[in-house]
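Next come two complexes built around subunit A: one with subunit B, the other with subunit C.
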Partner chain A sequence: MIEFGHFALCLAWLLALIGVVAGCLVGRRSHVALSHVEALRRVTIAVAISLGCALLGLGYSFVTNDYSIQYVWQYSNREMPWIYKITAIWGGMDGSMLLWCFLVAAYCAFVARASVKYPRPLLPFLYAFLNTSPLFFITVTLFFTNPFRYLRSALVMPDGNGLNPLLQNEYMAIHPPTLYLGFTGLAVPYAFCMAALASGHLSNDWIRLVRRWTLIAWTFLTAGVVLGGHWAYLELGWGGFWAWDPVENASLLPWLTATALLHSVMVQERKGMLKIWNISLVVLTYALTVFGTFLTRSGIVQSVHAFASTDIGWVFLAYLSGIILLAVVLVIYRRKELRPDRAIESFFSREAVFLLNNLVLLSICFAVLWGVMFPVFSEAFTGEKQTVGIPFFNAVNVPLFLSLVFLMGIGPTIAWKRSSLSHLLRAFTLPFLGGFLVAIALVWAGITEFYPVLSYSLCFFVLMTILGELQRGLSAQAGVTQSSTWSPSTAATLFRRQRIKYGAHIIHFGVLVMTVAITASMAHKIEREFTLGPGERFTVGRFSLELRNVREEEHANYGAVQAQVILRSLKDDSILETLRPELRFYPKNKETTTEVALRMGQREDVYLVLAGIDESGTRASLKLFINPLQVWLWYGAILMIIGGIVVAVPVPRQAMAKQREKERGLQSI
Partner chain B sequence: MSIWIPASLLLVALLTAFLIGPFFEPALNGALESIERDSFRALLDSKERALRALKDLELDHSMGKVSAEDFEHSKLALSLEVVKVLDDIKRHGGE
Partner chain C sequence: MGRIFITLVSLFVVVGGVLVFQATRGTSSLVLLPSELVTKAAANDLPRIRIGGRVADPISYQTEPKIVLTFNITDPKGGDATVPVVYEGLKPDMFAAGRDVLIDGDFVGGSVLAAKLQTQCPSKYEPVVPGAMPESIDKERQVG
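Showing the complex of A and B:
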């Protein structure tokens, strides 16, 4: 089957090449045969089908333990549970590139499937640019990171090396594909943007489509980034979820620019402004996804997430340069059509606040990028590799993130074009007062550090603006339908009519919940290291920990030393849970990993790591972290994803028509 | 014979049939689509944008976000814009 997979990959490459070349040739004509457009659409779908076959071929080799294949031998072994044999497909660089190819082609196929409703003048170039990403990534896979290579040795190996133990975690089944769905999805807005520039069809059609597809990718990217944080929290054993690691940062960069784009795109849709700005954001977002791939696979930065260093960095850099150069040339060529329809009239308008929000998001993006690339620049200019750590990222980004939270309260509350002074006073007096009172209460309660106080007060301020906006919306809706402001039907009608607006509020509320959780876990975290013998106790915060014993265990593909620690409440000495942190040794990989014992709670997480055992094998060295409100970080992320789905998934037309009919009926009464 | 050769041949045959299908569909074959309709599309965009701005303005006004004076002024300007765009669309032969 491996030959079939390889053949399917070659076929996909050929089809993608045909898609790009034929798309450009057809797009240059002033009159296009519909059969050509339809054939191009089908080529785009066929690329995904071929890549699906290639992925199946590789998956079959993993499931059937075909160790004659180098990649399978390197990342799998017979003892691994079947789920890890599947996740091993993307456990190494070669397979992850193939998965990337498939996902980007699958997105393109979905766009092609939906494209029968899209504006025709856009289509030939759209198919050409949709096929550009698969063509590039298939080229890299085929010529530089081919997973279908046989082992050089003539011997058929009886067993494989096995997957990196850190990756033998259930989150690896879902985190990389979700993250890749976010990354690869951003190729779609890029294709729309370039197709609009190349065809000259620069009306609002493409920007509307960009918003929908960016939102889908953004939702996946959010889920992928958070799942990555959750994996790091559970698996890496350092007590946190985000270490500003270069590869974590690489996933954050396109998320930041995509978030900026989702805001500024509304300004273009409504006001015909920020046209070049939006094109720049689309291209930058796509370029940053390619840059992230380059960062992970080139070996220029050190990271726990990075794949082995290779010499394919220049291929990515060449593609990256090509993307940017082509966009610049096309923007210059179309500059007359890209003039704004009007200018911003007032600083107290939603468009002005959205622009400010974009500038803050890009500032964060630049700061993170600078931090990531600093070791490379310092080595290039001084010959010495200097790195910037967590303090740099926190010092720069915390104030920027907080200003973003502030703008999150302002933006949705004020009007397009110009807000009246009376509205500004009415909308913000109470939230400002509320935020101020929260600050005073916090200081009174003993929390005196500047950033935590500011963060909690800002969150309260934004929460009040969201609630105020909801109340005003309900009142206005009740006026239209002549129903009670607080009746569920008024809320349901309002939500249906302004689904995008209230979906965005759900996202913003999720951000608030996350901000509170991050602030609490940064400002009030407790960290202790101690050693316990059997029956000995250690007390911290509201808890006491007692070591029951240390025992050894043998499993199919690893051996473990486990400490059994009884967690008690200090209040009444009742047993809350028995925590079992482990040290695991994987003989095949010759690697030791820590398995965290975690007690998740609404107030705090108790996070225990077994750092080591003494020579007698009875005393355990433990590392304890008490992370306040940690679980709320994940709840906040779930809210953001739900909000993303609410905004991205369109309401069926029939339901919309029914609703309008109902409302018309009500109005006629 | 290894199974991969017939499997590959089957894949090629199926994809070829899928790809050349449009060239044998009478409804598509020979039909030409002009792609120079941008000025008309731009007018439709302007209409949609002006109507949306009008809707946003009314919503903002009902929520008390814009003053009565600003509302009247902006509504008049937007209504005139809609009328102008509708006139232009009519001139282009649209409905």
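Showing the complex of A and C:
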């Protein structure tokens, strides 16, 4: 089966190469024959099928415990449940690269499948650039990180090393694939952009397609980033979810530029402005996904994650330089066709606010990139390696994120082209007053730190602008359909008609919820360390914790020491929950890990970690975190993902036409 | 390009530049290996450092009256330089002798007083360690 997998990988490489070369050759012709386009389309789909077979081949070796394969031996063993044998496919660098190849090729296949509706002059170059990403990543997999390698022939290993205990987690099944779906999806907008530049087919068609595919990738990337944070929160035992580590930052960078792109694309669609800007964002976003892969596989920066100090860094760097250089050359070549249709007329216009939003997002992106690369820069320029940590990222990004929240309230409400003073007053007076009153109320309630007060009041300001928009939309819709403003049918019709607009509002509302949760968990977090004997109590906030006992447990592949701690409400001494934090020892890997006990609540999370037990085995040392509103961070993320899906999923044209017809009928009565 | 476009972009280049410059100046710390720290600091204190090294015995972990972890670190690639570390906090997952750690803190009185201690955790980016293999890979037997 492993031979089959390797053969499929080689075949995919050959097909991707054919796709790139043939796509460019066909694209250069003045007339594009339908048969050529169809052949290229099939080649693009075949690449994904071949890579699927390669992935299946590797998966089969894991499931059947084939420890003659080096990669399987390294990351699996017989005791692991079957689900971890599957997730171990991407548990190491070689397999994760293969998964990457498959996912990027799968995206390309989906685009190819849908491409029959796309403008024909765009197609040959589209297939060529779609196949570029799979070709590059298959090349890396095949020649540098091949998972289809045997151990020495004389060795028949009875069992494998096993996956590291920290990776034996259900999140391993979903977090890396989701994140990869986000990263790899960003190869599609890049392919559209480069195909448009290469073919000269620079009408607004390609930018609309870019928007849809960017949104799909963005939704996956959002889910992947948040899942990573949730995993870290549950698993690592330090009470937080984001540490500005290079791996986390690598996933955030393309998310920031993709978010900027999703806003600026609208300016080009509506007004024909920011054409070169959007191309730059598309290329930058794709380049940052490649940069992230380079960062995590080159070993150039220190991280809490173990990185490979491999020699494949230069391959990524060469590819990165290639894609940027090609884009620059093509933009210069097409500069006349990329002139904006008009200039931004007023600071008080939606296009100016969207540009501001882009600049804030890019500033955050630059700051994060600077923070990640600072050790490299400082060593190159001063000879001394220096680094920056969480204080740097917070100092720069907190004010920038808050200004982004402010713009989130302004952007969707302000008019295109130019907003009159009366419109501005009508739209923003009440929200400003609301935000101001919230700030006064918070100070009066004893919250006096600047950033939390600013954050909460800005969130309230934005919430009021969203509600104001909704109210205006419902009133207008009620006028058209002659129904009540607040009836569910009016809301449903409005939502169907302006799905993209209100989907975006759902995303914005999710961001607000997350912002409140992050502010609360940063500003009002409680941390305590204490030791308890059986029956002893510790009181904090509105809770008391009592140690019932400490006990030892034996499981299939680990042993555990567990503290049973009764969590009570101080108000009436009622038992809320029994928390069971653990220390686990995995004899096979000789690793000790902590298992957090967590009580998620709407007001706060009670997060308990067992630090150790004394020599008698009866007293437990514990670390407690009380994280206010933490659960709302995850709710906010879910809202963002739902909003992303609402905006990304296309509505059948027939349904839209039927709806419009119905409304026209009502108006004519 | 329009006047407004240029004004906004220029404004952000300046504001972003100042923010990043100020934050870098106020928060950056020196990155050192244990051997470099021993050479550089000698008898002097050195505030705000990040040190990456390999955990070495003896390791002491007391949980009462407060949680304190003390251990030594050496250069990851070996060597004689040893630096004692004191960390008042939870022992992180996977912490053990022979593990690589990242420490942020101050070098005071010949010891690193760690404000933050992280064990390098496994990730999908980790390479196959040749030394960890039962025998080296037979390249001739690679498929294909």
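Just so we're on the same page, the second predicted complex is superposed on the first by the 660 of 669 C-alpha atoms of A that agree within 3 Å, B and C clash if a C-alpha of one lies under 4 Å from a C-alpha of the other, contacts with A are read in each partner's own complex, and residues count from 1 in each chain.
Here, contacts are C-beta pairs under 8 Å (C-beta built on N, C-alpha and C of every residue); 3 or more make two chains touch, one makes a residue touch a chain.
Note that the coordinates shown come from a computational prediction; the quantities given were computed from them, not determined experimentally.
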Superposition on subunit A - do subunit B and subunit C clash or fit: fit
First, second, both or neither for A:Ala39, with subunit B first and subunit C second: first
Touching partner for A:Phe347 - first (subunit B), second (subunit C), both, neither: second
Partner chain in contact with A:Thr448 - subunit B first, subunit C second, else both or neither: neither
First, second, both or neither for A:Glu3, with subunit B first and subunit C second: both
For subunit A as apex, the angle formed with subunit B and subunit C - C-alpha centres, to the nearest 10 degrees: 140
Touching partner for A:Asp614 - first (subunit B), second (subunit C), both, neither: second
Touched partner set for A:Thr429, first subunit B, second subunit C, both or neither: neither
Contacts of A:Gly91 with subunit B and subunit C, given as first, second, both or neither: second
Subunit B versus subunit C, judged by how many residues of subunit A each one touches: C
Partner chain in contact with A:Met157 - subunit B first, subunit C second, else both or neither: second
Which superposed partner A:Thr64 touches (first subunit B, second subunit C, both, neither): neither
Three-chain overlay, closest Cα atoms of subunit B and subunit C, distance in Å: 12
Footprint overlap on subunit A, comparing subunit B with subunit C: 2-3, 7
Residues on subunit B engaged by subunit A in the complex (per definition of touch): 2-5, 7-8, 11-12, 15, 18-23, 25, 28-38, 41-42, 44-45, 48-49, 52-53, 56-57, 59-60, 62-67, 70, 74
Residue ranges of subunit A in contact with subunit C within the complex: 2-3, 6-7, 10, 70-71, 73-74, 90-96, 146, 148-153, 155, 157, 161, 164, 166-167, 176, 235-238, 247, 296-297, 302-310, 340, 343-347, 352, 355-356, 359-360, 362-363, 366-367, 370, 374-375, 378, 384-389, 391-392, 395-396, 399-400, 529, 531, 590-594, 609, 611-614, 619, 621, 623
Subunit B contact footprint on subunit A (complex, rising order): 1-4, 7-8, 11, 15, 29-39, 42-43, 45-46, 49-50, 53, 119-121, 199-205, 269-272, 413-423, 426-427, 469, 472-473, 475-476, 479-480
Subunit C residues within the subunit A interface of the complex: 1-5, 8-9, 11-12, 15-16, 19-20, 22-24, 26-32, 50, 52, 61, 63-67, 90-96, 100, 102, 104, 116, 118-128, 132-138, 141-144
